[in-house]
Amino acid sequence: MELVLALGIGILTASGVWLILRPRTFQVILGLSLISYAVNMFIYAMGRLKVDAPPIVGSGAVEASRYDDPLPQALVLTAIVISFAMTALLLVVLLASRGITGTDHVDGDDGE
Amino acid sequence: MSIATSSVTLWFVLLLPFVGSLAVAGLPTRSRDAAALIAGAVALAGTVLMAVLYPQVANGTGLQTGVSWLPSLGLDIILRLDGLTWIFAMLVLAIGVLVIVYARYYMSPRDPVPRFFSFLLAFMGSMLALVLSGNLVQLAFFWELTSLTSFLLIGYWHQNESARSAARMALVVTAAGGLCLLVGVLLIGKIVGSYDLDTVLASGDRIRASSLYLPALILILIGAFTKSAQFPFHFWLPHAMAAPTPVSAYLHSATMVKAGIFLLIRLWPVLAGSEAWYLIVTSVGLITLILGAWAAIFQQDLKGLLAYSTISHLGIITLLLGIGSPLAAVAAIFHTINHATFKASLFMAAGIIDHEAGTRDLRKLSGLYRFMPITATLAMVAAAAMAGVPLLNGFLSKEMLLAEALEETNETLLDQALPYLVTVGLIFSVLYSVRFIHQSFFGPPPTKLERRPHEAPHWMRLPIEVLVLACVVIGILPAVTIGPFLDVAVRAALGGGTPEYSLAIWHGFSKPLLLSVIALVLGTAAYLVFARALNAADAVPLLGRLRGRRMFDAVLSVLVSSARWLEDWLGTRRLQPQLRLMVLVACAVALLPFLRHGYAPGTAPRTLIDPGFALIWLIGSACAVAGAWQAKYHRLAAVVLVSGTGLASCIGFVWLSAPDLALTQLLVETVTTVLLLLGLRWLPKRLPDNWPGKRTPASVVLRRGSDLLIAVAAGAGVAALAYAMMTRPLPDAISRFFLERSYAEGGGRNVVNVILVDFRAFDTLGEITVLAIVALTVFSLLRRFRPARESVRDPEQQRLQDAFDEAHAGRAPGDTVSDYLVVPRIILEWVFPFIVVIALYLFLRGHDLPGGGFAAGVAMSIALILQYMAAGTRSVEARLRVRPTDWIAAGLLIAAATGAAALLFDHPFLTSWFHYLEVPLIGKIPLATALLFDLGVFLLVVGATALILIAIAHQSIRRPVRPLRGGEETGVEKR
Amino acid sequence: MSGGWAGHLIIAPILLPLVAGAALLLLKEKRRTAKRGIALGTTAALVLLSVLLLTRVARAGFAGDPATLVYRIGNWPAPFGIVLVLDWLSALMLVLTSCVGLAALIYAATRWDQAGPRFHTLFLFQLMGLNGAFLTGDLFNLFVFFEVLLAASFGLLLHGSSKARIKAALHYVALNVATSLLFLIGAALIYGVTGTLNMAHLVLQVAAVSDQDLPMLQAGMAILSVAFLVKAGMWPLGFWLPRTYAAAAPPVAALFTILSKVGVYAVLRVPLLLFGAEISRTAGAAQQWLFFGGVCTIAFGIIGVLAARRLSRIAGYSLTISAGTLLAAVGAGEGSVLAGALFYLVSSTLGVAAFYLLIELVERRDAATAVGGEPVFDDEYVGLMPIEQESEVGVVIPASVAILGGGFAFCVLLIAGLPPLSGFLAKFAMIDGLLDLRDTVGAPVWWLIGLIVGSGLATLIATTRAGIDLIWAPSERPQPALRVTELLPVGLLLGICFALTIFAGPAMRYMERTSQSLGDRHGYVEAVLGPEAAGR
Amino acid sequence: MRRWLPYPGLALALLLVWLLLSQSLSVGQLLLGSGAALIGSHAMAVLRPPRRRRVRLAPLAKLGALVAIDVVRSNLAVAAIILFPRKGRVSGFVRIPLELTERGGLALLALILTATPGTLWVEYDQRKRMLLLHVLDLIDEEEWATLIKSRYEVLLLQAFEA
Amino acid sequence: MTTLALALAITAAQILLGLAVFCAFLRMAWGPRAQDRVLGLDTFYTNVMLLLLTFGIQTGRTLYLEAAVIIALLGFVGTVALAKFLMRGEVIE
Amino acid sequence: MIQAPDLPGWAALIVALLVLSGAAVTLVGSLGLLRLRTFYERVHAPTLGSTLGMALIVAASIVCFSVLRGRLSVHEIVIALFLTSTAPVAFMLLARSALYRDRRGDV
């Protein structure tokens, strides 16, 4: 399972990196989204994998090893929110750039 | 006078010019007299006080006083007054007085004269501080300050281009030298272990023996040579003649250019005496002497001639110092004083000529003697001193120079050739002195002048008279007049190595005298022969092409153009190379540790493959690849595929025990999709084909290939890292704490949520602030948004559909969309309350089960967006007044206030409190401040998400102030 | 937590701007005076606060007591909750931030704050982000505050939107989003290996990492460092910096001078803290890379300064130079060099900030074009009035050229590191320290010294080329209309530098202590986790 | 009553959803759910001010049963089409004039038709009261029209417009 | 024994659903028209939701159903937006 | 992960059958997405999953949790309710858009 997850993270990253190296703004924004997915999963993976062990505890004494590591999950949540915000911002900036320069090239001109 | 009083006096003398400078700067622009008066008083007071201090130095003890400045680095402000500094300080102050008097009459009342005197006083203060420095770093400090103040003085008439460029050149050259000097003295300091001048002067042997000696020497010499206009840094000085003449008289005869000389003298005991010193300093001095003199001959500008002669005479002094014998050093100090007197007076005379004749061109000047006999006489005497005519002070030091040149110092060829070359230089010197006098004062009356010259006002002549008198008196009675002072200075400068010397006029018939006579005769003869040819010269023969300024400009422009080329080559303004570099660097640096230590996956037991998860996750990855493939030409397809990836990762999170993440990601995913689609409306429909009908250029293919490689490398790297980490055992550090305390101390079962709103609520506070900021930014930016011209109009679909409605009987515009949405709209309206309830549900249960303020907020805003999609902006806003900014403010304030409430109980910020309240019938209800905090999160998220989405959506209903040109009429009118 | 209200002062630099900024959102767009008043009051309070905190640190530190103050947010014990750590360096950065912030805000309050909506809130949030980043003692919280300050910087960069700003912002946002992802990867790796996020706890955990986990940790740290270095503007990762800053509105650019130091600060904080010389198996190479990276950055900065056609680009590249200098000084690994570099950090930040403000005054002619002309849409934001129409502050200072020229000259001196301002002392201190390394490090020390000297010269050459003609050349245009409130901030910044020059002794002593404290891992751990954890 | 509780039926449904989600009938959840339902129904009222209207439940119940049977049948039919494609099957659009005008009824009809595999509500022309339906296995247009009108529309008319 | 059988059945069901998702993916990737891709995405959502239900059964936890509820209630929003974009050229008018 | 809750045999059987058949129906529907020729035909296919497929799996879930907890557990009904009322909206909007795109200018 670790291998599958790692593979997927790698593929997502590679696709994202390919996209952020493209010249069109929309490609860049999608690329960053893809890398965000990969990074979120990556952060999660730093707490190692546990299937069916959600960190939702009972009221008694807690056997920590029976639960998935909650901290990376909390970090991913923060990261999700922030990357959503940044995607929104980047989108609006690229719209503004497209409006003011007339092109959707990342450098504001159509030179390839 | 006690030492203490003397110290105070010394400080007073030093600070006086600076204070005066500030005072004068505050005067009104036109107050020439007041400015001159203050400046003169300051300088005079300084001179008098400095003279009063003479007894302190006369007995050889000197005076030292200091304040601590940067003690840890050995930098203190130390004023150190000894014979040498006294004489330099006197030069600075006394000639300062004369120059100020002269300048009062020289400067036009239309100039902002107070500024001039302010700069002059600041320069005077810097120069004083320089010579009085008892610390090498302090010396370098004030050294640069003299460069700066002289820059201001040279650029005083900044309306002239020549003044600006001259000032700049002088600044760049001397400041560069100053920086070298700084490093040089730092090296000396490192050798000695102190920057204190006394310590340094006592460590000559150590310094010369050090391996750092040569670099230090070279750096210090560069500093000295740039300041003293020595070859090859001499070129700035002639251009600095663009300064008002009093500035030239002051800076370029007596003070600033002498700073370099002062430095060489000051450090002579520790730096001189080596072969390197001899070779460098002597040859530079010699070259400067000859070159300067040669160039002076061919000058047509009076001040130019004086400038080159200054260079030449500075060369003489440098040469003397280079020879390295104590006697030569004595001669150097002596000539420094002499040169200051005759050159200052010559500059002033030149200024008077310029004033009266309206030109400084030697070719236009002639026979001025009859108009201004006194000035002419004074100038003649000074020029004679410059030429080395006996009975004048210049003669004495010149004799000493010749004597030292003839002395056999060492075996080098340079030493052998020295007497001859010096004599050649002196011949030139006589030649230009004679030319200066003869061309301006003798001959027929001038014809090319615009006005009739007069004798200058008496007060303007007075400074020249004083200086010329000094030339004569020193020249005739050296031992009585200058003797004691020189002696004190020489002792202070040379310390124990002070030689026996005599200041007599007559040393009998000697070789130096012979050479002197030869120089005088040949020089005069040469003038007689070549006078006419000289007047016709446009450039300096042999050196014509070596125009300093042109070379300086060329060097700078080469510097700038190569910098521009390098900037293009080493840098980039494009985004893609920057991102490429970032990825590459990150890959490379992450690879390094593995190259050294090797890569190995961990040994922890692997989790069994789960086919359901594996399938979905791989499909998600495939979506990513497909999305990347489609993103350029099929944006919508790419959005769809990327959504697929997002969904797959949600499922992954569910599977991997992270239901909170799944929920949040799912909700965010939805909003993001809507967002991207909102954006797509403003992007160009179809991309132009970059290479229509042609094959893609090889360079592009290559770049794509390399990008692919980079992408694969990055992906592989991240995957390898993730795999290696997942297969290692989890370090047991802080997570256990959260699991164990979540319920007992955080009051919640959902540990992730408790972390977010309690353990690490501070992160969440920051995170919602980010969201708030982004929303505000988006809103602000869109308030000034201008879409591209072709996007302003309604989308093509809408125009076609409206046109269709209009064209068909029984239809009204808008029917198509109305029919399209009628049924969905009803359903979506009924869905709205359900989403609201779900949002509330997610919010309330978040502390115990997956959910929470963020998820609830996003769900709520999706409900809102759905209504916007179904009913349109205007229609929704007619019924629903959303004020997102207020929501944002409320959210932030509630969250912050919840955290701050703890402060009232003297608990740290964000300390949580919870309590299970027993209510009859209902049972235990948890009351927790964390819930309040989460409420803030909820409000903010609703506000921010709504603000972003609505701000973008509103772009569609904006109306241009007037119809846009180029936009079609149908496009700008909205229903 | 004891100590009454004074004990809670550490949180105030974060909380105060947050609350004030949020409260400003409740005020309508039209209530400009109230907004200005609140924002200025808050920023001024921040200056007082930060000075208070700095004196607390300095007083305790110089008296020999522990200078580091730790604040446990949420009252959770140290490695588990988030802590704020106030020490020599963070106190210094707080003061610097608030001073530059106040100057920039006073300047903006004359007219620039009207160039777009919600300026004051964004500005205060920017200060909050900066203060948070300087105070936090938690790796992930550092990320969060990085994002806060970045988000605010996006908003401020776009303030008064113009073509140049939007184009620059597109690159800036894209690069920074990518950088943030690197930050996350790096931080996650570090967490994966050590299982903790608290920096002090990390110091202990890093020391205990097994050999087989070491490369993972190093990879994480390397990726994290790349993220920091992008933000610091190191060559070849920092090409965005000069262009972005040049595009920003002047007061924003002035504030951004602090922003450019955050990356360096993070390098000082995280990698240096975790991978200090104590842990020999991890240190050496990284510091060398930092050194050479810094050297290359200075070299590129020099090239850029010389190549620059506009003053604002010169200012941007001098930030590059200053970042490079700091990085190289950090890489040199010598306390006294670092102390000098910190002194340089302070004076160059103040100098460049003042320079950005002055540039606009000097080039005022172009100022009106920044706003973008006639509105196109009926609801478009129109805020910034041309200078002539405004009558609020209307004092046109006579002899403005002379004042501008003087200010300009002082800025140049400060940036180039020439006397009589503090830049010179800083360069002197650095070179002085570097010369002590000549035997241990060898030739590279000379390169660095050469570059430090050369950068000053290059700055001088470039600024005089552009500045002399701009200020001194006679011109047809009328004397620029300046307001006292626009000169005041420049004077404020330069005045601080002047004070730094006069009181160089105590100031340098502070820097030396700061530099020492950065090397004192043990003290840091002890302050945050208590003496037992530190193993004393 | 209306002011305090607009859309009582909706509120009830919302409360039901709440209780279903929380899997509890405790007093606390009842209270919370009622609060949420209240908020939800007010939200709806903001969006669309409630109008007095009666809906008969009996025809709707009958309709529900019919639909359930039809959905299962159509599922099997469509599955067969997918798994065993036969030659000559035609799909196409059918225009059906509707008498039903009540919005709720129309929405319900749209849901039913679309949710039933094999038929798809494409568009409704409000002026002509004409429904455009897509049918996967179109044998006879007329037959489809009568089927829908007699089987569903009648019941809906009874429920909403009587 | 029955538990194992059930486990196998659930796993088999998950594989079937996974294949169903794969079909949806192919439609998303191939198109050919935009509407086909959107339809694929919508199917993706539905199938994934069903997969979550099976996962809930498998683990015996109702915890995971929340995600399914959210998909059921909000999964169509993306499709609505996409469809509206195709029809009208913008999502919100 | 191959696991299942510990159910009595009969319940396990019912759940297994329901789940398998639900999944199968859904798969058939999704297969239709691939096999049907035109877009308008394909729109019908996923309905299988969102109606019968969903119903069967929801039923399985209800049975499973009711047995597990020993009381009627029907909260999956919410899912059925929501999906039935939202999925058709998507389909009808999408189909209409497709129709417009296919017959642009001649609606």
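The letters A, B, C, D, E and F name the chains in turn, as written, and every chain counts its residues from 1.
As a convention for this text, contacts are C-beta pairs under 8 Å (C-beta built on N, C-alpha and C of every residue); 3 or more make two chains touch, one makes a residue touch a chain.
Because the structure is predicted, anything quoted here is derived from the model rather than measured.
Taking the definition of touch as given, a chain qualifies here only if it contacts chain C and chain D alike; those chains are B.
Of all chains, the one whose CA centroid is most distant from that of chain E is B. As a whole-number value, the distance joining the C-alpha centres of chain E and chain F reads 9 Å.
One simple way to say how far apart two chains are is to compare their mean CA positions; for chain B and chain D this gives 73 Å. Spacing of chain B relative to chain F, judged by their CA centroids, is 68 angstrom. Distance between chain centres (mean CA atoms), chain D to chain E: 22 Å.
Shared contact sites, meaning residues of chain F that touch two or more other chains, fall at 1-3, 29, 31, 43, 45, 50, 73, 75, 78, 82, 85-89, 91-93, 96, 100.
Shown for chain C are the residues that touch two or more other chains, namely 140, 144, 147, 151, 154, 158, 161, 166, 170-171, 174, 178, 185, 189, 192, 197.
Annotation for chain D: residues 17, 21, 23, 110-111, 121, 123 touch two or more other chains. The touching residues of chain B, when paired with chain D in their complex, are 810-811, 815, 818-820, 822-823, 826-827, 829-830, 832-834, 836-838, 840-841, 844-845, 867, 879-880, 921-923, 925. Remark: chain E residues 2-14, 16-17, 19-21, 23-24, 26-27, 33-36, 38-40, 42-43, 46-47, 49-50, 53-54, 56-60, 62, 65, 68-69, 72-76, 79-80, 82-84, 86-87 touch chain F in the complex. Chain B meets chain C in the complex at residues 29, 68-73, 75, 115, 137, 141-142, 144-145, 148, 155, 158-159, 161, 164, 167-168, 171-172, 175-176, 178-180, 182-183, 186-187, 189-190, 556, 559-560, 563-564, 566-567, 570-573, 575, 578-579, 581-583, 585-586, 589-594, 596-600, 602, 718, 721, 724-725, 728, 730-735, 737-738, 758-763, 765-767, 769-770, 772-774, 776-777, 779-781, 783-784, 786, 885-886, 888-889, 892-893, 896, 899-900, 902-903, 906-912, 958-961, 964. Taken together, the chain B residues at the contact with chain E in this complex read 611-612, 615-616, 619, 622-623, 626, 634, 636-637, 639-641, 643-644, 647-648, 650-651, 654-655, 659, 662-663, 666-667, 669-670, 673-674, 677-678, 680-681, 794-798, 801, 817, 820, 824, 828, 831, 834-835, 838, 842, 849-851, 859, 862, 865-866, 868-869, 872-873, 949, 953, 956-957. Residues of chain B that touch chain A in their complex: 573-576, 579-580, 583, 604, 606-610, 613-614, 617-618, 620-622, 624-625, 627-628, 631-632, 635, 638-639, 642, 645-646, 649, 652-653, 655-661, 664-665, 668, 671-672, 675-676, 679-680, 682-684, 687-688, 690, 700, 707-708, 710-712, 714-716, 718-723, 725-730, 734-736, 738-740, 742-743, 749-752, 755-756, 760, 763-764, 767-768, 770-771, 774-775, 777-778, 781-782, 785-789, 791, 848-850, 854, 944, 948, 951-952.
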